[in-house]
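Lettered A, B, C and D in written order, each chain numbered from 1.
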Amino acid sequence: MNLLEHYHTTRQYSEELCSLLQTEDYVPQPVAFVSPPKWHLAHTTWFFEQFILTKHLPDYKVFDEDFCFLFNSYYNNVGDRTFRAERGAITRPTVQQVYEYRRYVDMHMELALQLKDDEIHELAELGINHEQQHQELLLTDIKYILGCNPTFPVYNEDIEWENQENKTEAGFTPINEGVYEIGFNDEGFSYDNEHGRHKVYLHNYEIANTLVTNAEYMEFMESNGYEDFNYWLDEGWVWVTENQVKAPLYWHRINGKWMHFTLSGLQEINPDAILTHINFYEAAAFAEWKGMRLPTEFEWEAVAQKLNWGQRWEWTNSAYLPYPGFTKPEGAVGEYNGKFMINQMVLRGKSCATSPKHGRATYRNFFHPDERWQFNGIRLVK
Amino acid sequence: MNLLEHYHTTRQYSEELCSLLQTEDYVPQPVAFVSPPKWHLAHTTWFFEQFILTKHLPDYKVFDEDFCFLFNSYYNNVGDRTFRAERGAITRPTVQQVYEYRRYVDMHMELALQLKDDEIHELAELGINHEQQHQELLLTDIKYILGCNPTFPVYNEDIEWENQENKTEAGFTPINEGVYEIGFNDEGFSYDNEHGRHKVYLHNYEIANTLVTNAEYMEFMESNGYEDFNYWLDEGWVWVTENQVKAPLYWHRINGKWMHFTLSGLQEINPDAILTHINFYEAAAFAEWKGMRLPTEFEWEAVAQKLNWGQRWEWTNSAYLPYPGFTKPEGAVGEYNGKFMINQMVLRGKSCATSPKHGRATYRNFFHPDERWQFNGIRLVK
Amino acid sequence: MNLLEHYHTTRQYSEELCSLLQTEDYVPQPVAFVSPPKWHLAHTTWFFEQFILTKHLPDYKVFDEDFCFLFNSYYNNVGDRTFRAERGAITRPTVQQVYEYRRYVDMHMELALQLKDDEIHELAELGINHEQQHQELLLTDIKYILGCNPTFPVYNEDIEWENQENKTEAGFTPINEGVYEIGFNDEGFSYDNEHGRHKVYLHNYEIANTLVTNAEYMEFMESNGYEDFNYWLDEGWVWVTENQVKAPLYWHRINGKWMHFTLSGLQEINPDAILTHINFYEAAAFAEWKGMRLPTEFEWEAVAQKLNWGQRWEWTNSAYLPYPGFTKPEGAVGEYNGKFMINQMVLRGKSCATSPKHGRATYRNFFHPDERWQFNGIRLVK
Amino acid sequence: MNLLEHYHTTRQYSEELCSLLQTEDYVPQPVAFVSPPKWHLAHTTWFFEQFILTKHLPDYKVFDEDFCFLFNSYYNNVGDRTFRAERGAITRPTVQQVYEYRRYVDMHMELALQLKDDEIHELAELGINHEQQHQELLLTDIKYILGCNPTFPVYNEDIEWENQENKTEAGFTPINEGVYEIGFNDEGFSYDNEHGRHKVYLHNYEIANTLVTNAEYMEFMESNGYEDFNYWLDEGWVWVTENQVKAPLYWHRINGKWMHFTLSGLQEINPDAILTHINFYEAAAFAEWKGMRLPTEFEWEAVAQKLNWGQRWEWTNSAYLPYPGFTKPEGAVGEYNGKFMINQMVLRGKSCATSPKHGRATYRNFFHPDERWQFNGIRLVK
């Protein structure tokens, strides 16, 4: 697939993901970490306009001056007319106008991609990967927004992957002590945070072949896992008690049964399905209860080719920090990854909601330890 | 106009007010005191369904069970499935479904109003007045929501009443000391909080014939009115300093000029227009700076027939408290007024945004002293 | 008693109140509305120094420049070196230094009071009354501070007035409709907020001869008074639910019994004692449950000479607002009362903790409706 | 020095640190992360009582039942009578009673240490190290508490180490790539978080021989280091803007000069002194501005024997996480370290305020990235 095709496929996929929404669903921002679908569609478009079209396409005229600051996620550079308003209060442009914006930028990107300009191609590849990242966020944000409706609306009746089961037999794979090479070393696209192929020394460990299931986690819950502080990190325990947490996100106890709000609506928990929507605190507490632990991101990557991964983003016990030799690129693109390297934990693998072809063994995803609206899960190590 | 006509006119007017909105504008709740237009349309409908149709129309089947708690503003009675979600995050039912809900309820109300049932008629009148109150909130909430858009969208180009000027000549009317009668004593609809016609003793005072204008208020601003704590109530001063207030709500200083965001978009301030969007703290500080004061609600009502009122809700220096003999009705309807009689100040008159025929001289409006998104203004007394 | 004697008696009484404290008890400010005893002792002294000595005593040298802003409660006028620190974090000057400050100011006040200067005498009288007000706050703040100790320390074993019973027979006194005169009209000291003797028109009412007892209030509690929103003002209900209130302040349920933390330590509730430590919300909810109401401050004052008052500050249903003709004095003394006339409710009478000779029938005390650490109580009206 | 001597020396040193305090200084808790000196003195004592005396000394009677929960920092195990009160509001026991508590426990510890009981000896060593840790906190908390006084009181005029300069010549030491051994491997006391001697692979780096000075940091400040978001981690930038930070903690701009509040009072900044009181965000931003970075804790430990360390705790770019094979001990002692391994960054070395003989090259100190009241500093790596 050439770059232009890749561009179009990616752009279409974003819109496909939104095709089942009502106009109203595009608008809200129920919590700070969730963005309105409308904003995702516009922001990914702005990325192409801002970094490619305005800089590299001769005579390009921006679609709308206002969009430059409305859909910039990097507020640091915003000029005069900043407003305290939350994204969820910005009703204009309308959804339809955002789609027109997409059309306009797509048309000009088509021209830009025909120019023989390496920088355009490189930035376009970054833009495509950027949009793919937002596609996963689109899905998880849509789930969150629909989940705020007490009526449990269905996004898509045919989604089955939320209930997927492990395809491998349970058990542990032992890994030998020694020096391993870590970091991206391949052809194709990758992010700056994966760069700096380097050596790490690992000690013996055994890593689980399967991800933790709902049944296993319910055992933890029934053993008073959420009531016994001994399993929890100190800040995890504060989180549990302040929020009176009793179960993973989207689990509802209805008429004595645990139900799960999914993109296909409210469903009974399938005990054999792979657990999801737990945060780092819960993952760590579960591991502690099991008498095991989470892998480091290096332990994970070293054995990635032997693992069956891809249903859930897997929490690791590694903080998100730079690899040796990491330097952030000059300018706004440099804000992509480096500045987030604090107070976040690394997740490895990919999830059922990750865009096609977006995952790879060296990919470093990262979230704060209290966040659980992504499709993340638990792989144990002992 | 008979009751059925009154019902239809009122219902149509609510929808007319929304006819200029985009679907997206119906959704957000940018701050707690503003409700989504969608919610207003549904809640006023729910009021008729809940208090008339389900109780008094034989065989009535509710439109949707979920709406009963979704559009109940009295959370006290809500049952099991309460959610922490904010109104602005509830995307379903859609706007279109809400309009269907209105159709459905209107159709059944037509039947109900044909029954010769005094209680239905009484409740319908309450429901109509309730919807009229929400019409004014609809307008002020729409203004607030549109005002959260950094692009200053226009609601209706033809609205002129935001810039209306005083129609009376300036000056003061002197009133004599004595016993005056206060409270509703007429035919037609009124709220329970106006009842209890009673006597109050007033001392001599002089009341302004006109409302304070933008020019007068700008003089206050230019005399460092917002910087000198001596003019302010203690809690008002905290409000000014914590929020760094410098001007009325919706005023923006752009290129050295004061502009006002109106329902017709961003406009230059008209110095002769009547000031609006100031809260009680600002009204009281302005009066203090002038060496005058605000009227009490009794001083206002006693002289109402001599005043030209109706452009702005006029802040009084009376706290919202019960009249002698006030008792709240039994049941949910009793929650209408009485329970709000604390920490709010009374406003008298009506505003340019008040629904036709909704105002009267005994009407008691009330808001917290820090609220300023209503069309309120200042009349001085000395 | 001449003014100098009055000065000395008052000053000594403040120190007497503190004589049972440990040094540590003088320091904390557990919540914003409570001040450290050390601060009360210094602030009342600063009042004399600031308003009398520095202005009217020739050649007076302030005790310590720093004290001028440390012990000024009117932060509005404070200069450069303001700090964000809370009062409870200010450990210096020490308690001993504060007592030295008092000695120093007392010595100079003695000189000042010998000058034949009417302004000094007037301000001294204000300062004495100011200190008397702080004496009651000292007691209630000391109770609050000691009450933060899980060990329930005893302030003074011999205090009996917390458990005082009604001395009058129960029943109601009927009052006739008519015009009554309200406001201070006597010799001696009074505050500006009582001035402006004026007429009010009252309608027929009957006022209780006794204050509500613990037994009556426990009946309310046992009738699920704290669980039924119908009795509560809307903001009162928010307060109850957010704070999970179940009983008056200082009541602890221990081994199945209601205990009351008093200045004499933890004691069993005496059912016949007069209820105290309830806020306006609780007073209003109790009255609603009884099918009665609270008096207005005018209904209270009109009948004051027939009532047995003085054990508890009695919540009225009047907001704290200016009397007709009220104007605040020029300068800092003008900040004494006027600027607090918003969002507070008036209490009438006096309490067992009020300083000797400080009460009078026209006295207007005021607190926010959620405050309950004062010795306040309930008198009903029907 | 034998264990009993070590016990006594340590206990005396804590009291020596407090000998310059006024009783009032022992009480406040101005912010959540600072504890009252009184509490430190009692809590370290409680540690010996709780883990040694009540469990291992036959017939031991606790000094006071209440102290068991008052001075327990592990609230998780607290029983019935928990209070919402902040530590700074607990005035009883008095300072004198706390000293009596210390006497009582010391007397019994003397008996306990004479028993030939390995567990007692081991726990005593832990208790001594625990108290040494609190000694450093005592000093930094005392500085914080005194710093809340607008009068800048002097703790001890003779402290010179706050202004100490680098004793080594500037420059960088190059280190070779390879496998290094990390973790405690010595005789004597150490914490569980240092255990698990293990291998890490390090790549080439050069580490500074000296710590960053005030002069260097002032250059950063003058280059608009606090105004340019490009140098800052995202959460660091939020911290800077929300708190309007302009300089290190305790720096005050007075009459155009930067002054530093020290334990010896307010002093002019010495440009050659080693910088302190900056948090991780500031350390990272400074390094970014310099075009360098912070060392990892492994890079630091690998070269520790070649470095001159000990004036400041040195921020590393390592998150506080378990070493391979880390398991927390059973029971309450297990809460000592493990549960804090999230959202904190490691600091290495020791500071001028660290208790004598408490530091070692494998010691892992840890704080949140926004905390700056410790004596921490910056060593750069390139």
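Criterion: contacts are C-beta pairs under 8 Å (C-beta built on N, C-alpha and C of every residue); 3 or more make two chains touch, one makes a residue touch a chain.
Since the model is a prediction, treat every value here as computed from it, not as a measurement.
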{"item": "For chain C, the least number of touch steps when starting out from chain A", "value": "2"}
{"item": "Reference chain B; chain at largest CA-centroid distance", "value": "D"}
{"item": "Intercentroid distance (Cα basis), chain D paired with chain B, Å", "value": "57"}
{"item": "Centre-of-Cα separation between chain C and chain B, whole angstrom", "value": "36"}
{"item": "Chain A and chain B: spacing of chain centres that average the CA atoms, whole Å", "value": "44"}
{"item": "Set of chain B residues in contact with two or more other chains", "value": "none"}
{"item": "Full enumeration of touching chain pairs", "value": "A-B, A-D, B-C, C-D"}
{"item": "Residue numbers on chain A that touch chain B, as the complex places them", "value": "22-28, 30, 38, 66, 69-70, 81-83, 85-86, 88-95, 145-146, 148-151, 153"}
{"item": "Contact footprint of chain B on chain C as seen in their complex", "value": "76, 179, 198-201, 203, 229-230, 232-237, 280-281, 284, 293, 317-319, 321-322, 324-325, 334, 339-343, 369"}
